[in-house]
Amino acid sequence: MRILTDYLFIVAGVGVLLSILLIWQIVSITNVLPSTIFPSAYSVVLSFFSQVENGSVILAVIYTLSRLFEGYLFAAAIGIVAGISIGLNRLVNRSLDPLVQFLRPMPSVVLIPLAILYFGLVDSVIILIVTYASLWPILINTIDGVRSIDPLVIETANQLRITGLKRLRKIILPAAAPFIVSGLRVSLGIAWIVAVTAEMIGGIVSNGVGVSIFYYLNSGNLAPMYGAIIAVAIFAYFLNRILLVTQYRLMPWVARSSRMLDHEA
Amino acid sequence: MKLEYLYGVLPIAVILVVWQLLPQLGIVPQQFLPKVSSVFYEIYTSALLGQGRYQLGANYLFTIERTLLGFALAAIIAVPLGIVIGSSRSVNRILEPTLEVFRPLPPVVLIPFFILIFGINDSMYVAYIAFGAVWPILINTIDGVREIEPLYLDLAKCLMMNKVRSFFRIRLPATSPYIVSGMRVSLLLALLVTVAIEMVTGHNGLGFSVVYAQEESDATTLYSVIVLLAITGYVFDLLFVQAENRFMKWYKLSQNLT
Amino acid sequence: MASLLEVKDLHLKYAKANLQVLAGISFSLEESSFTSIVGPSGCGKSTLLRCISGLRRPTSGEVVLSGNRVTSPVEGVSLVFQEYNRSLLPWRSVLRNVILPVEDKLPKSEAERRASDLLKEVGLTGFEKYFPWQLSGGMQQRVAIARALSSDPKILLMDEPFASVDAQTRMTLEDQLLRLWKERGLTVLFVTHDIDESVYLSQRIIVLGKRPSRIIEDVVVRLPYPRDQVSTRNTSDFAGYRTGVFEKIRGMF
């Protein structure tokens, strides 16, 4: 009986999304907005599937994601390692904190032109900026996670003489893990923004969804443009979902880690 | 205490000194890394005095205005909406898939969509920035409403408070830390999104300036914009930290004792 | 004399878990009496209190207050929760917490005066502007009690209020409660798992059985008031009552 209501809610939830498509279709049919900017939902869906079929949109997303992931994973490696080191050392944390607090709020997209100036119009420019941009949420959340460990636990570890790598594995990482995953989720969002913005600025790279979207925009071929947007939405949704599920698994006792959001972005 | 302040200032001071010396001593060419003093001089002349062709002052105002308007719009929409959604389990469950689809979507892919609907003008910017900035506030508000301490609600019932009273006396104050936390994230996100769209549309604002400067290989202006944006972001965040310390101190402190 | 509160054949079942918690509880309370409810963990003492306060609807049976059926919280009944630190509003000062029940019913100056008087009665004068999280556990519970009394209730329901407080503080709070009870002519229904406490405080002890719980014993405690932490607890009568209740509870397992 209860499972039935659960399914009903899922259906209703999906229904809301579908009704957005429906409204879209109606709007385009009644020509409230000219079809030049608003192709019908039907044509967009058709276009989307044909794009998937001939692989063009998937390819574009994969180009974007490859740059994104390189930067993102690099940032994760640096951020987690540095975060744990800084988090464990009060003095280092205190010294670096003002610097971090100053650099963190800066909108990192502004560094794209700087990187172009230095390195020219290359793929690796994007990867570099993605790394920088993604670094902060992961770093800060990791530091938070490590610092949130109850001092009593550390004392217990000292008494039981659990040190070094063993302590890292058994005590520090499990305790900080939910924070780290939360930071990873936030960073992913920023990585997307930076990676796609760089593609859209033009002239840097010749592939990726940002490029595709603007290409379709400029050539007036809007249905595939929306198709590309939908493709990004789907990928972004699933990637976020994976991290969310990981977060729930690590912290099943919290419905949503809203407290972690204290240091988002 | 005093000594620790020194430790905090040290890294920043070191960076500034290195930044000044490297170009000054010719170790790094000034076309690549302008002196700190040149950067601040440029900020002074272009932004404060309005000289030169970059007009950093005027562009800065464009950027700030959009960011704040977009943020305000996002807050006005997200807070009531979040409260409504969070208050009803059914509404929350029904809307959750939709929210979960839009939340991770990078707002930049929708830039063309907004341009098509509004054209390139101020309303487009504000609408777009609001769209980008709405999510942290919305999600946080929903969470805050859902995670209200059940005992508070029991208390409201025991005291026979009507809906209005219990909302203003109990539910809203209880949710406010979450709302403020969401706003803090949202303001910085709004700034990020503003600069991004300005860079893409190349119309005006600091995002436009920085791309223009890069095309002209003008490192000094580039750094000027970066510094301006860094300071702005820092001030925005600082404002929220101050606000949180003044009004939300009870939250942090009461959390430590549960 | 008509009873102030009557509980009639209360049954409560958790539908989702298919768990029968209360299986026919009936008793009545006289005005100005002090009654304790004791029982093993999980027997539904707190749930019973919530039904009486109107926070929860029983599956069957009814609660009658001064001749009126209770289906939701009513005037004249105050509930003191066990988790004081989570029931006090952290964004409000101590004074403003105590004012809460009468904030909209009395003019400000009168409400504040009543609140500060109550704070004096619980021994917290000078702490009006403090925040709950700045106070110790015992002090917080006193604020909660002051708050419960600010609406001038006839019935005070208390859900294991001193359970999370250290032994010394508990003795102080117990005596303070007895004083407030006598001075104000309250009717107190006091839920506790501490048998000693129930004997010390009450005129009557209702013992609940294991889940699904019924009343397995209804004891009148004939110890004189005022009671004293040392001398009263030292009497053989006290020990007798305590043993009796303890045996009854132990006999269930």
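When the chains are written out, they are named A, B and C in that same order, and each has its own residue count from 1.
As a working rule, a residue touches a chain if its C-beta (ideal position, glycine included) is under 8 Å from a C-beta of that chain, and two chains touch if they have at least 3 such contacts.
Computed from a predicted model, the values in this text were never measured in an experiment.
Of all chains, the one whose mean C-alpha position sits at the greatest distance from that of chain A is C. By number of C-beta pairs in contact, the leading pair of chains is A-B. Measuring from the averaged C-alpha position of chain A to that of chain C gives a distance of 51 Å.
Per-chain CA centroids place chain B at a distance of 49 Å from chain C. If you average the Cα atoms of chain A and of chain B, the two centres end up 17 Å apart.
By the touch rule above, chain B contacts chain C in their complex via residues 149, 151-152, 154-155, 157-160, 165, 169-170, 173-174, 176, 250-251, 253-254, 256-258.
By the touch rule above, chain C contacts chain B in their complex via residues 53-55, 72-75, 77-79, 81, 83, 85-87, 89-91, 100-101, 103-104, 131-134, 151. Residues 9-10, 12-17, 20, 33, 37-38, 91, 94-99, 101-114, 116-118, 188-190, 192-193, 196-197, 200-201, 209-210, 213-214, 217, 222, 225-226, 228-229, 232-233, 236-237, 239-241, 255-256, 258, 261-262, 264-265 of chain A are the ones touching chain B in the complex.
Per the touch definition, chain B reaches chain A in the complex via residues 4, 7-12, 15, 32, 90, 93-98, 100-101, 103-113, 115-117, 136, 139-140, 143-144, 146-147, 178, 181-182, 185, 188-189, 191-196, 199-200, 206-207, 210-211, 213-214, 217, 219, 222-223, 225-226, 229-230, 233-234, 236-237.
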